[in-house]
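Below you'll find the structures, each written out as C-alpha cells.
Here come two complexes built around chain A, the first alongside chain B, the second alongside chain C.
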Partner chain A sequence: MNPSTRITPLQFLVLTISITFGTSILTLPRKLAKIAGENMWMPVLLGAFVIYFSFRISLQLAALFPNYTSVAYHRLLLGNFGGTLLNIYLLTLMVLVTALFLRLFVTAIKIYLLDLTPLIVVTSLLTLPVIYAAQYGLIPVLRLVQFIILPAYSLFLALILLGFLSVKTTNYQPVLAEGIKPVLLGIPSTWMSYSGIELLIGFLYSSITRPKALVKFGLAAIVIIAGLYLLISLITLGILGAKNTMHILVPTIMAYRSVEIPDTFVERLDGYLMVIWIAICFDAQIGWIYFSSAIIKQMFDVEYVRPIVALLIPIIIYLVMLPPNIQAIDKLSSLVNLAGIVWGLIILPLLLILALWKRKRNDEC
Partner chain B sequence: MLKNFAGILLLVLTLFITGCWDRREIENRGYVLGVGIDHVESTEPKGQYDLDKAAQAAGRRKYKITFELPKFRKQEASKELSSGQSHLIWSAEGESLFAATRAVSAKVYFAPFFEDIQIIVFSEQVGKEGIRDILDFFQRDAEMRRRVKLLVTPGRAEEVLSAKLQVEEVNSMFIAKTMNSVSKYPHFSSETELGQVASFLRNHQSFTLPLVVVENKEVRLTKAAVFNNQGKMIGKLNELEVMGGKILRKNLQKGIVTVPNPANPSKLAVFEILEHSIKVDSLLVDNQINFVVKAVFIGTIAENMEPKQSAIDSSFLKKLEQELVDYISAIIRSGYRKQQLLHADVSELNSLVYRQHPHYWKQIKDRWDEEIFPTVPLEVDIKVNIARPVLMD
Partner chain C sequence: MNKKIKPWSQAHSAKTFATLRNLQSTIHHAKDIEQDIRILARQLKEQTVTTQIYQLDKNIETNLRHLQKVFSDGDDVIIRRLLVSPARQKAALIYIEDMADQAVINNHIIAKLTCSCFGVDNNRNSDNLAGSITNILTAGSLTETMEIQQAVQRVLLGDTLLLLDGVPTLYIIATRNVKLRSVSPPDTEPTVTGPRDSFIEDLRTNITLVRRRVNNPNLVIKKSVVGQRSHTEIAVTYLKGVVNYKYVCEVERRLNNLQIDMPENLAIQNLIADHPHSPFPTTQQTERPDRFVSALLKGRVGIIIDGMPFAVLVPTVLSDLFKATDDYQEKWMTATAIRLLRYIVAFFALSIPAMYIAITAFHPAMIPTPLALAIGISREGVPFPSFLEALIMISFLEIMHEAGIRLPRTVGQAVSIVGGLVIGDATVRAGLVSSPLVIITSFTAIATFSIPDYRLALAIRLLRMPLMAAAASFGMYGLMIALLIIFIHLSNLESFGEPYLAPLIPQSLLRLDDLKDTYIVAPTSVRTVRPTYLEPEDLTRQDPTK
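And then the complex of A and B:
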C-alpha cells in the first residue's frame, strides 16, 4: 500500500459493503433452505455474529502492527517462508472468491439476460474495465465504488422491498420445528456471503485515518450487509417457500419473477433487479480484483499495481471458465467457503495468539 | 497520440460489442400470448407433407401444442381491417413440447418468444392424464413468466385460443384479463399461476385450476378442475363448492350470497360480502386432528326482492343473518366434503397441520390425502353482520 494513501473509516465501510455484497444474494437462499428450511433466515442473522467475531480478531491483530499491512506482518510473525506461504494462501483464497463470484454472476446473466452471448465475452467485458479503474491505485477504485454505491444500493433496496408485495407469511412457519440444530448447521454456509471485512482490515488498517473508529464502522458495515441478506432471505422464503427455494438454481431471481405490478410501468421486477445487480456486482469485482493484485504487488515489492491487474485478469477469466457445470461450481464454492472459514476462524486467531505471545516475550526480554 | 488512439478505439469498440449476440429485431419475435395443449386427434399424417409433425428421435405423436400470437398490422391497414382476426394461430404435434415448439420455427421466421405469455390451457383429457410432465418444459424455460395463468377446458384447448370472440382482442389477453374478475365473482378457482402450480406439484399438494369454456362467441370462467397430488385431474368442484373451498383456504376476496328472502321465501335476498375475517385452526386431541373454521362476514343487502319488507327491520335482519349463516356454513361443508370425497385437500389444510403440529405431521404426511384427510371432521362457526341494510337512493 502506498504510505501516502489514507482512507477514512467511512470509506472503509463503503469498501467493505461493496466488496462483500455481490453474487451471494443469488445462491445463499438455496443453500440455506436446504439446511434450515423455513428457518433459513436465522443462520443469516447468526452468521453476522460469527463474522463480527472474526473481524474483531483481525482488527486486534492488525492493531498490533499499525504501520504494516497483513502481507508484511505475516512475514514478521512467521518468518519469510512461513509468511509467504500464508500470503499465497490468502491470495489464492481471494482469487478463487473473485473467480467464483464472477462465474455465478455471468452464469445468471447468461441465463436471464444475454443467453446467446458467449460466457467468455460477458466475463471479459466485466473484468477488462477493472484494469482501467485500478491503474492509479486504491483511491480511483474507491472513488468509483463511492460513485456507484449510493444510487445502486438505494434503487436496489427500493426494488427488493417491493418483493414484500408477494410474500406469503405462512411460508415462515413452523418456527424451529426441527430444533436449533439445522439453524446452527446453516451458519457455515453464510461465511462466503459475509467474507471480505476480515480480509480487508489487515490490508487497510495502516491506511485508516482514525483506526479507533474502525470497531464502530466495521460493526455498521456488518449490520448493513446482514440487514440486506436478511431482507433477501425473508422475501425469497416468503415468496417461494422453503421447498421451492431449495430446488431452484437462483431462487432470488425466480422469487422476483413472481412479483408483478400489473398496469404500471414497472410490470415485472426481475429485469430491473438484474440491471441494478450488475452495477452492484461490478462494484464488488473491482474491489476483489484490486486487492488480489495489491497483495501480489506487496509480495513481490512491485512499484505499480496496473501490470499486475493486467496479468491477473486473464488468470481470473481462465478460472471463471474452468468449472464445466453448475455442480462443479457448487463443489468449488463449498471448498472456498471452507478455506475462508479456516482463514477467519482458525488462522487469524492463531496469528493473534502468536503475535500476543511474541509481544509478551519481547516485553519480558 | 497513442493514448488518444487507444481511447478512440475503445469507444468505437463499445458500438460493436453491446449485445451483438443477443440482438433480436422486434419484428422477428413471435410473441406467444397463449398456449393450448391437447391430445392429437389422430396420429395419422395430415395432408401430403404432414406440416404439424415435430421431428423426434424418440416419443410418440401425442400432444398438439397450439400457440396464439398477436397479429400486428400497420396503422393504416388496421383502420380498414378492424373487423379481421386479431391473432395468429400456429401449432405442432409431438410428445416433447419443446420439440413441438421448435417444429413451429420451421413454419415461421419469428421464433416463439414466451416473455409475454398470459395463459396456458389444457384440455380436460390432457389434465386427466396428468400435467406434471408437461409443466417441466414451462418451468425450465428462462423466458417463461412464473405468473402465467393455467386453465383447463372441457373441450379442445386449441378452440379456446382460436375461437372468434365478440371482442377484437387476442383471446389469451382477454381471458387473462377476465380472470381478474375473480375478486367480484369468486365461483371459479383462483389458484392458477405456473409458479404456484409448480410449487404444489413439488410439495405433493392437490390443487385446482379454473375451467374455461367458449360458446357462441363468448368465453366464461367457471368451477374448478381438481388435480391430485400427482398432478392428475380427478374431478371438479361446482361453483358453490369452489366458494366454500376458498373460505377454508382464506383466499375469498368478495362475493355475493343469494338466499330465500325470510319475509317471503319465494323471493330472494342478496347479501354482498364487503369484508370478512376468517380463522382456520387445526386441533390435535389424542393424536386425532380436527379443523375449526371461524368466520365473520360483514356486508350489505345488495338486493331485497320483497319490496313490502323494510330492510331495516331488526327481526327481519336477524332472520336474514341466520339464513346467511346457515347457507354459508352449508357452502363450506359441501366444499370440504367434496374435497374429502375426491381425496384432494385443495384448501391446503395439510400446510396448516404442518405449521401448527409439525411433529404430528411428520408421522402422517405420507398418508394425508388418501387416509387421514377424508376422515377429519370440520367444525364451522360463522357469523354474519349486515352492516348496511338501507337503500342508497
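And then the complex of A and C:
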C-alpha cells in the first residue's frame, strides 16, 4: 500500500458496504427459503453476528501489525512459503467470489434485460471499465465508490421499501414451526452475503487514519448491510411466500415484478430495481477486482496495479463463463461459501492465536 | 540561293528556338532567384530585434536608433524630438499614438520641458537636469529605469518614454489612455438580484472592480507576463491569510512553464488545466467580480488576464460549476431547492435522450402501459429506429444552438422561428420523428440551458451522443455502464491537486461542513467555515459565538 494513501474510517465504511452488498440480494432469499422456509429472515440476522465475530478477530489480528498489510503479516507469521500459500488461498477466494457474483449478476441481466446479448459481452461491459478506474490507484476508486453509493443506495432503498405495498403477512407464518434448527442451518448460507469486511480489514488497516474508530464504523457497516438484507428477505418472503421463493431462480426480481403501484408513473418496479442494481453491482465488483489485484501487486512487489487489473480481468471473464448452468453455479457457490467460512472462522482465529503466541514469546525473550 | 538558305535557316531556327527556350527558362529562374533574394533580404532587414542586444548609451542619438530598431520603425510609434529649455539640451519622447494620452503629453511633459518659466540655471549640465526632472514634469507617475526591455514594455502599454542627451537613463511617464468599453452587465452569467457589473478587457479596470469589493491590504495582486511574443499581462490574485500557498505556488509554476507565443484567444484556463483531454472544465471562468471575490474569500486563486473579460478561478471542483450568484441572494430554502434542481436537471440533460432510446427500443415495460402505447402509436409510421430518430432531433438542436451563437442578433430570431417550426411541427407532420421525441428534445434543450456554467453545459452536450449510442446498443444496461464510465472519469479528475468531486464526497465526518454549500445552500449563519478541502490558512469564516 502506498504510504501516502490514507483512508478515513468513513471511507472504510462506504467501501465495506459497497463491496459486501453486491449480488447476494438476488440469490440469498432462494438459498435461505430452501433451508429455513418462513423463518428465512432469522438466519440473516444471526449471520450478522457471526460476521461481526470474524470482523473483530480480523481487526485484532491486523492491530497486532499496524504497519503491515495482511499480505505482509501472513509471511511474518507463517514464513515466506506458508505466508505465500495463505495469500494464494486468500487471492483465489477473492477471485472466485468476484467471478461467482459476476456470473449471477450477468445471468440475471441476461434474463431480465438483455436476453439476446451473449453472456461474454454483458460480462466484458461491466468488467473492462474497471481497468480505467484502477488507473490512478485506490483513492480514485474510493471516490467512485463514494460518489455512486449515496444516489444508488437512496434510490434502491426507496424502491425496495415500496415492496411492502404487496406484502402478505400470512407468508411470514408459521414462526419457528420446525424449531430453531433450520434457522441455525441457514446461517452458513449467509456467509457469502456478508463476506468482505473480514477480508478488507487486514488489507487496509495500515492505511486507516483513525484505526481506533474501526470497531464503531465496522459495526455500523454490518448493521446497515444486515438491515438491507433483512428488508429484502422480508419483502421477498412477504410477496412470494417461502415455497415460491425457493423455486424461483432470482426471487427478488420476481417479487418486485409482482409489485404494482396503480395510477402512478411507476407501474412495475423490477425494471427500475435492475437498473439501480447495475450501479450497486458495479460498485461491488470494482472493489473486489481492485483488491484482488492489489494482493497480487503486493505479492509480486509490482509498482502499479493497473496492469495487474488488465491481466486479471480476462481470467475473471473466463471464470465467469466456465459454469455451464445454474446447478454448477450453485455447487461452486457452496464451495466458495465453505472456503470463506474456513477463512473467517478457522484460519483467522488460528492466525490470531499464532500472532499472540509469537508476541508473548518475544516478550518473554 | 534558296537551297542554301533553307537548310541554314532551318538549322538555325531550331537552334534559335532552343536558345530562346533556354533563355526564357534562365529568365524565369533568375526571376525566382531575385524573388528569393528579395525575401531573404527583407527577412535579414526585418529580423526580430530583441531588447537584450542593446545597452543604454549616453548619446541620445544612439539610444534613439536602437529604440527605433526595437520598435521595428512602426508608423504608430511616435518619436518627438525637442530641446529642453533653457539649456537647449536634446531630448526625445517615444510613445504609441493611440495608446498614450495626448493631453498629458502636451500639457504635462512637452509644455513643461520647453517652458523657460521655471528659472532653471542656464549653465546646468545634463546631471542637473536629470536630477530636477521629477520636479519639472507634472505627470502623475514617473519611473526611472536602466533597462530597455522594461521601458519598451511600458511604451507598448501606452506609457511615454523620455530620453535625455547625456543621461543613460530612461524615464517612463504614465500616460496610458487605452480606449475601452465601459463596465456593463454580464452576458453569460446574468442574475436577478445580484450586482450588474462585469469584467471588461482591461486588466487595470478588472483589478479595480475586485479591489472595490475587498478593501483589505491582504488582497495580493501579483502581475506577470505570459506569451513570449504577445507579452500578455496577467494578474494572479489571492487573499493572504486565507489561501493555501500550495495553490499560489502551483499556479505560478504552471504560468512560468508556459512556453507559448501567445495564449490562443487568451485562453489561459486551457493551458494550465490539469486534464486538457477531459471534456469537463477543471478551471472556472467567470465574468462576475462578485463571484471572483467570493471565490478568493473561500481560499481559491484567481487569474485576471489583460484583454479578457473573463477571469479564471482555480482549483475548480464539479460543485463550483453548479453554483450561481443568486443562490446567496435568496432565502436558503429556495436556493437549496434550485441548487438541487440544477443537479437533477444536469443529469437529465445528459441522459434523457438516451433513456428514451433505451426504453422505446429495449424496455417499454419500464413505463406505464398507456404511455408505452401512446409512444408506440406516435412512432407508427416513423421510418427510423428510435436511435436515429433521436440522433436527428438532437443534431438539429445542436445545429440551432451553434447557429444561435454565431448569427447576428437580428437574424437570430428568424433562425429560432424556423428552427421552432421545423423541429416542433414540420418534422412530426412529415412523419420523420414522433411527437414524444419533440418533447424530449425540448426538455433536453431547456435542461442544458439551466446549467450555470457554459463549459460544463458543453461537456454535457458532447457526452450526450455516446450515451445515446450506448443506450441504442445495450439498452439501460449500456446506458448505466456509460454513465459509470463518466463517473470513473470524474473520480480520476483533479484540479490543482484537489479531487474534482471533492466536497460532494466528504472524505471524513469531520469534513461534512463542506456539504453546506454543495448539494444545499445552508443559511449564512450556519456556514461558519471555509471549504475544508481547500485547506485554507484561516478556516473560520465567521465566529458563530458573536
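Here is the rule we go by: the second predicted complex is superposed on the first by the 365 of 365 C-alpha atoms of A that agree within 3 Å, B and C clash if a C-alpha of one lies under 4 Å from a C-alpha of the other, contacts with A are read in each partner's own complex, and residues count from 1 in each chain.
Note that in this section a contact is a pair of C-beta atoms (placed from the backbone, for glycine too) under 8 Å apart; a residue touches a chain by one contact, two chains touch by 3 or more.
From a predicted model like this one, the values you see are computed outputs, not experimental measurements.
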*Name the contact category of A:243: first (chain B only), second (chain C only), both, or neither.*
first
*Most chain A residues touched (candidates chain B, chain C)*: C
*Taking the superposition as given, does A:254 touch the first partner, chain B, the second, chain C, both, or neither?*
first
*asked:* Quick one: is A:125 in contact with chain B, with chain C, with both, or with neither? Answer first, second, both or neither.
replied: both
*Using the superposition on chain A described above, determine whether A:177 touches chain B (first), chain C (second), both, or neither.*
first
*chain B versus chain C as contact partner of A:115, first or second or both or neither*: first
*Check whether A:81 is in contact with chain B, with chain C, with both or with neither, and answer first, second, both or neither.*
neither
_Quick check on my understanding: which residues of chain A belong to both its chain B contact set and its chain C contact set?_
113-114, 117, 125, 268
_Footprint of chain A on chain B - complex, ascending_ = 17, 19-22, 142, 145-147, 193, 195, 198-199, 202-203, 351, 354-356, 358-359
_For the complex, give me every residue of chain A touching chain B._
111-118, 121, 125, 170, 173-174, 177-178, 240-241, 243-244, 247, 254, 257-258, 260, 268
*Touching residues on chain A, where the partner in the complex is chain C*: 8-11, 109, 113-114, 117, 122, 125-126, 129, 132-133, 135-136, 139-141, 143-144, 146-148, 209, 264-268, 271-272, 274-275, 278-279, 282
*asked:* Considering only the defined contacts, which chain C positions touch chain A in the complex?
replied: 362-363, 365-369, 371, 474-478, 480-481, 483-485, 487-492, 499, 501, 504-509
